Amino acid sequence: MSTARHTSTGTVPVRSGTGLAARFAAVRTFSATLCEPLVTEDFVIQSMPDASPARWHLAHTTWFFEALVLKPHLPGYQPYNPDFLYLFNSYYNTLGEQFPRPQRGVLSRPTVGEIFGYREYVDCAMRQLLADRNLSGEVAGVVEVGLNHEQQHQELMLTDLKHAFSCNPLLPVYREQPRPEVGRVTPLAWCDFDEGVYEIGAAGGFCYDNELPRHRVFLEPFAIASRLVTCDEYRAFMLDDGYRRPELWLSAGWDTVRARTWRHPLYWFERDGIWQQFTLSGPRPVCGDEPVCHISYFEADAYARWAGARLATEAEWEVAASRQALAGNFVEEGVLHPRPAAPGSDPQQFFGDVWEWTRSQYSPYPGYQAPGGALGEYNGKFMCNQFVLRGGSCATAQTHVRLSYRNFFGPDARWQFSGLRLARDPHATGESHRGH
Amino acid sequence: MSTARHTSTGTVPVRSGTGLAARFAAVRTFSATLCEPLVTEDFVIQSMPDASPARWHLAHTTWFFEALVLKPHLPGYQPYNPDFLYLFNSYYNTLGEQFPRPQRGVLSRPTVGEIFGYREYVDCAMRQLLADRNLSGEVAGVVEVGLNHEQQHQELMLTDLKHAFSCNPLLPVYREQPRPEVGRVTPLAWCDFDEGVYEIGAAGGFCYDNELPRHRVFLEPFAIASRLVTCDEYRAFMLDDGYRRPELWLSAGWDTVRARTWRHPLYWFERDGIWQQFTLSGPRPVCGDEPVCHISYFEADAYARWAGARLATEAEWEVAASRQALAGNFVEEGVLHPRPAAPGSDPQQFFGDVWEWTRSQYSPYPGYQAPGGALGEYNGKFMCNQFVLRGGSCATAQTHVRLSYRNFFGPDARWQFSGLRLARDPHATGESHRGH
Amino acid sequence: MSTARHTSTGTVPVRSGTGLAARFAAVRTFSATLCEPLVTEDFVIQSMPDASPARWHLAHTTWFFEALVLKPHLPGYQPYNPDFLYLFNSYYNTLGEQFPRPQRGVLSRPTVGEIFGYREYVDCAMRQLLADRNLSGEVAGVVEVGLNHEQQHQELMLTDLKHAFSCNPLLPVYREQPRPEVGRVTPLAWCDFDEGVYEIGAAGGFCYDNELPRHRVFLEPFAIASRLVTCDEYRAFMLDDGYRRPELWLSAGWDTVRARTWRHPLYWFERDGIWQQFTLSGPRPVCGDEPVCHISYFEADAYARWAGARLATEAEWEVAASRQALAGNFVEEGVLHPRPAAPGSDPQQFFGDVWEWTRSQYSPYPGYQAPGGALGEYNGKFMCNQFVLRGGSCATAQTHVRLSYRNFFGPDARWQFSGLRLARDPHATGESHRGH
Amino acid sequence: MSTARHTSTGTVPVRSGTGLAARFAAVRTFSATLCEPLVTEDFVIQSMPDASPARWHLAHTTWFFEALVLKPHLPGYQPYNPDFLYLFNSYYNTLGEQFPRPQRGVLSRPTVGEIFGYREYVDCAMRQLLADRNLSGEVAGVVEVGLNHEQQHQELMLTDLKHAFSCNPLLPVYREQPRPEVGRVTPLAWCDFDEGVYEIGAAGGFCYDNELPRHRVFLEPFAIASRLVTCDEYRAFMLDDGYRRPELWLSAGWDTVRARTWRHPLYWFERDGIWQQFTLSGPRPVCGDEPVCHISYFEADAYARWAGARLATEAEWEVAASRQALAGNFVEEGVLHPRPAAPGSDPQQFFGDVWEWTRSQYSPYPGYQAPGGALGEYNGKFMCNQFVLRGGSCATAQTHVRLSYRNFFGPDARWQFSGLRLARDPHATGESHRGH
């Protein structure tokens, strides 16, 4: 572990030579695959400062390889266009000034075609670099970060498009899907865990620096729900005036609810008395058994309080999830929407479907050290006013996520596929606030 | 005149039958012509709330004919897409809610291709309507307003594109132009006018409601400059600390200068000690003899005060301009940039080149009455916190502008081709503030 | 007139020697008189950026005499406290930087007692200066401006206190008043005026620079109402959905109505189905015959449109008011609230009661020239995005206002005693929008 | 412990009868003592939304006893003024709507005199209640919370006054103090701690709910500094361009530094090349050996990174501080400013002087449960986007603070007496960023 901490990526590179080249090709191709349903105009739009145009995601992920791999490590490499080094830097101060984020949707040039040309140019140089049998572990490590980085942006591209399409009164469809069949309700069961010292954090294989070092934590006894909270359950919270009772909310959450007049999850709307939701397949009725989705930390926290429970800490989540297989409804399934739980009381849905909000604010692990250089800006500088989410979603690549993977967003963010799982103290007298 | 005031458009329709159909075809075609240099991505972007995407301009001008002409006046007309009636309404409360203006750049659908399809559909129906020999004067009047409306949006399309392109570090070129030759300086002369009662306002032919009724005004004696203020003259103001001396500015102007850190006209930038400006032909050095352009009312007013002069009122301007031919550097010239004055002391440049700020705040003429219905929202409701500009610019159609034409923008607007001409009281002791 | 224009005040000084000293004593004393009902805490508060604490008004009016009269014109004068020259400058850039206006309520020192000490110190020096038999006309002119300036701030002190008290749930009383008796309704009559060239502007005596020069205007025929619009009339507008119909409003006004959720005049509130208003005598029921008050330009304009009329221009107002005696319900009456019109159809209420919004945006008169130096900042730099009000209010000193007096505020300002009088074009077909 | 968790205060009441009455008298009297240096005007002002006027602190702490103790628990109690129940509620939604916080400085009534009358009225009733020999433990517990609550507001009253006075160009003095003597520099030593399971949280005696339950944590080995960071050390960070190097800052911190143009701690200013600071004794030169103060979490974090160290977690801090006596430079000392460390390498300054920022975001302890009712709003609802500070400051009452005491503020807050102590991983390769 200690070695890993001192590479520039904070990781143990897991692939090299042919394997890495194949993975490079696969990940890069998948970005283009995700763009197949788009028309040129779709690539340009930016619906809020937090989101970016698809054309920007395509260029920025390419910029990463150019700026962090090719420029420093491929002798004689000529940048495709020096302006792009500025235009497509996201937040790496180490690498120079950045074009203002909220203005990304103001650019029409380079065109989509030119950006695909840029991708091809960089891919070509990358293939040359990856063909080198003597590729150093350090460079391979940066490439692996670049691929994981691109996978993150693939997910963002989907969630940003969903947001942008939802702003269009025409409610465009990204990809048609068959309507899910209505299934049976899966009752919620509780899984108990004993107190004790546990180890969490990355245990080997590729990981981001923020998953390191693996370390010990003491956990008091806890229980965690066998499945995610469903839309029907969440609707009961809404019907019980959940959005109108300040005692259920964090102070900052209550301010947010009032300022933005939240009354339901993002993308829900009522038509003729029936709750609908906007999906990547267009609008469709809310399915009661599906996991509730597109809620903020504030809403997840308020729901849990109302239900007489709480959210898990990320350590609790990781301990519980460590007994589950890393499988589920990921982007590879192509559904792009969470699915109802399977019958039975076995623990499930830890991976895929929706990112699960934890009650843990995003902080460094004991002994954490950001790497030097630009990669040092990847994770550590965001450890403030963010909450950790775990487990990946239906828009995440299965090859991207890990047991120790830490995602993070501000407590008011709703445009990711984010939901929740309940936890509780085993002997808590925790009173529910139901039945107002 | 009084009749005109009671048509729904406030105008005397000037064309009908074949003439109107021909003009309809010409104006509509010109919108497409202006789009020839664009790639699909260019149609989508919106660089500030005051600007709109080109695709929106194309659709909104079409919506005007659909909502105000075809729906009420062509029996059996089926709207192209009912959603468009909402999507492409700009500010006509009479015709329903509007999609939020600052969000226009968030839409990628309908696509550019679909919008051209919409245009063709509406043009086809319009041709049918215009072929009617019994077309009423009232309907012909609304069509004429629609064509003038489209010409206004053609100009906005150009100024909005210029603004959007200027935000792109790649500084795209809309249309290449030969560099202007450097000419000789044309000295400024003063033209004197006597006191007296003058008539201003539209005297016949098509006009907007805000140019009516023609009425009398008393003018004290005044003098007006023979030509526009040049870049060299404006640069002298900059060098004399014009942007740092509060005594030269209106109070609100001074607040604006500090809040936005203005130091020069919009689109100017210094590179290697040389002043450059961004134009629709890309960046090029500031040409000293050209009229200064892209300045706000605040800047025009401050410059005039510094120069020991003032801006003309719109009545003074109209009286002075009434002796000039309606000719000049309009959009039909294809230059899309103001041109230096011709040699000689004859009054010139009243029409075309740049819109001239007047000191007149935009108010109703005595006896003004807004028409009923949606067209009543065209002009009258903006008579507050706007200043009048006169004479048209290099982006205005010559067939659109008139001696009595009143354009108006807020005092901080800079993205139009706006400049200034000096005026003064003939016996004023008006001290210059030069030579600080 | 031309001489007056070249004094530093733009005025003909009207008093000197004993007369001026007596007026100085009277005006200065009246500021203290207005403070009699206040407790120390009341002097400190500032309820919005547009308002100022009473302690600031008392100090700033004193500063004016210190900075513009004593420092330059009384040999050997020592400023009371050099910090005050900065602390109590309002907006005179010529005289140095200013303490930020919205922060005036953050200061507790100098204390109220110290400020009264400052006043006494300056008054003492002023008495010395005014005792000089050879006092120049120029200096006397600046003193006269200072006294008018103080009278303006006396009015602001009252309106700022009213605003601050209205923010306090305890609704404090500034001064108890007997409830007005309910009278009879005075019907509205119209007074007609012929077209022609009229003279407006100050004709002699003291005036501000913005009332100069006296000049000629051509007026088309017009009619003006014999009295102000009443609360009952305004209530009919409210009941007819006046605040919910966009077609009645200027575009900027409609935006304001929605953003601030205006539904009635400032200080009105409904309790148990009865309209109440907060006054300087505390809350009391709205009296139907009283002039409506505390409305913005936007509301005055919308009301007039609804009523099938319009506001007068300031020239029309001045021509009409020139036939009336300068008398009415001014601050000297001590009522501090507008009064119902007297019976009869004679024109009335032009002076006192409420400031009357005109449709004229605040602009320079032809030949206007701001004086040099600090006094040049008094008026001219605000000639942008303001509307002119005429006639004075129940909080204005009768000895302050004139036929040619031009007050001005932004179109959204409501905290002054501002109301309206209707005007119209005599033969207008002007349709009312009543009876929605 | 578990019992304590289920009282309404989450505490074990530690006093009753005479003891509690004496403490009540002492705490309430101390509020008045702190007001002795104030003039009436000082009680009214509010210099920012986060701060409150002194008159509000005095009334709100009184309101607490009225609303949470007297109304529910003293039979026949009549509220002093029903409006006060609304006016002086801070954030207890359970107890009704609240007067808007940023508007507290807009109120002049009730006057300061009336508020002291309100205090006397409530104190009188409280004495009656406390004289009851059968006072329940529950009620005594709420009284104890009310006293701790008042002590918190005493500290806020001092820091809010300091902020307000600092905004006044006259820089008023709250209380004169002799200048500190310049001492010798105390070198920084490191104290090492072993890995292991530790217990933290309140262990008995009065505490707030957020200190409960006492629980176990696993700590990796760590080292902590023997004393606080000094002004001289912080100045070295400033000189090394600390405020201009993005790599030293959290992303949100860097945004804040740029938006607010921070270049030094709050209250520092340079005059004639010498760093001064504003204190409650007026401006005086920065003393190099004093602990640096009035810095935000962002600055503490950036400084630690620059120094090759980090902040302690709150668990680390509590473990280290548990070996120290609860003594130090508290408000009882009357100095109201941090003092230099004593000579020697013994650990010191854990209590008093300045609140120490920890790297722990404010979260619930495992098993935490907010009490029901209004007291449930005291702490739990702020567990979001706040960082924990430990140890109390020179403005904190020694009788208020505890080893387990958790204070919390947002990462950009600077107006508290907040500073930092360094920590580090014992074998860290942690590179310093000094010597830029």
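Residue numbering begins at 1 within each chain, and the chains themselves are lettered A, B, C and D in the order written.
Just so it is clear, a contact is a pair of C-beta atoms (placed from the backbone, for glycine too) under 8 Å apart; a residue touches a chain by one contact, two chains touch by 3 or more.
Everything quoted here is computed from the prediction, not taken from an experiment.
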Shared chain contacts [subunit B and subunit C, defined touch]: none
Among the chains here, which has the CA centroid at the largest distance from subunit C's centroid? A
Whole-Å distance, C-alpha centre of subunit C to that of subunit D, is 47
Please compute the C-alpha centroid of subunit A, do the same for subunit D, then give the distance between them in whole Å. 36
As a quick test, compute the distance in whole Å between the mean CA positions of subunit B and subunit D. 59
Residue positions on subunit A within touch of subunit D in the complex are 6, 91, 93-94, 195, 197, 215-220, 222, 246-247, 249-254, 297-298, 310, 313, 359-361, 363-364, 366-367, 369, 372, 376-377, 381-385, 411, 425, 428-431
Under the touch definition given earlier, write down the residues of subunit D that touch subunit C in their complex. 39-47, 55, 83, 86-87, 99, 103, 105-112, 164, 167-170, 172
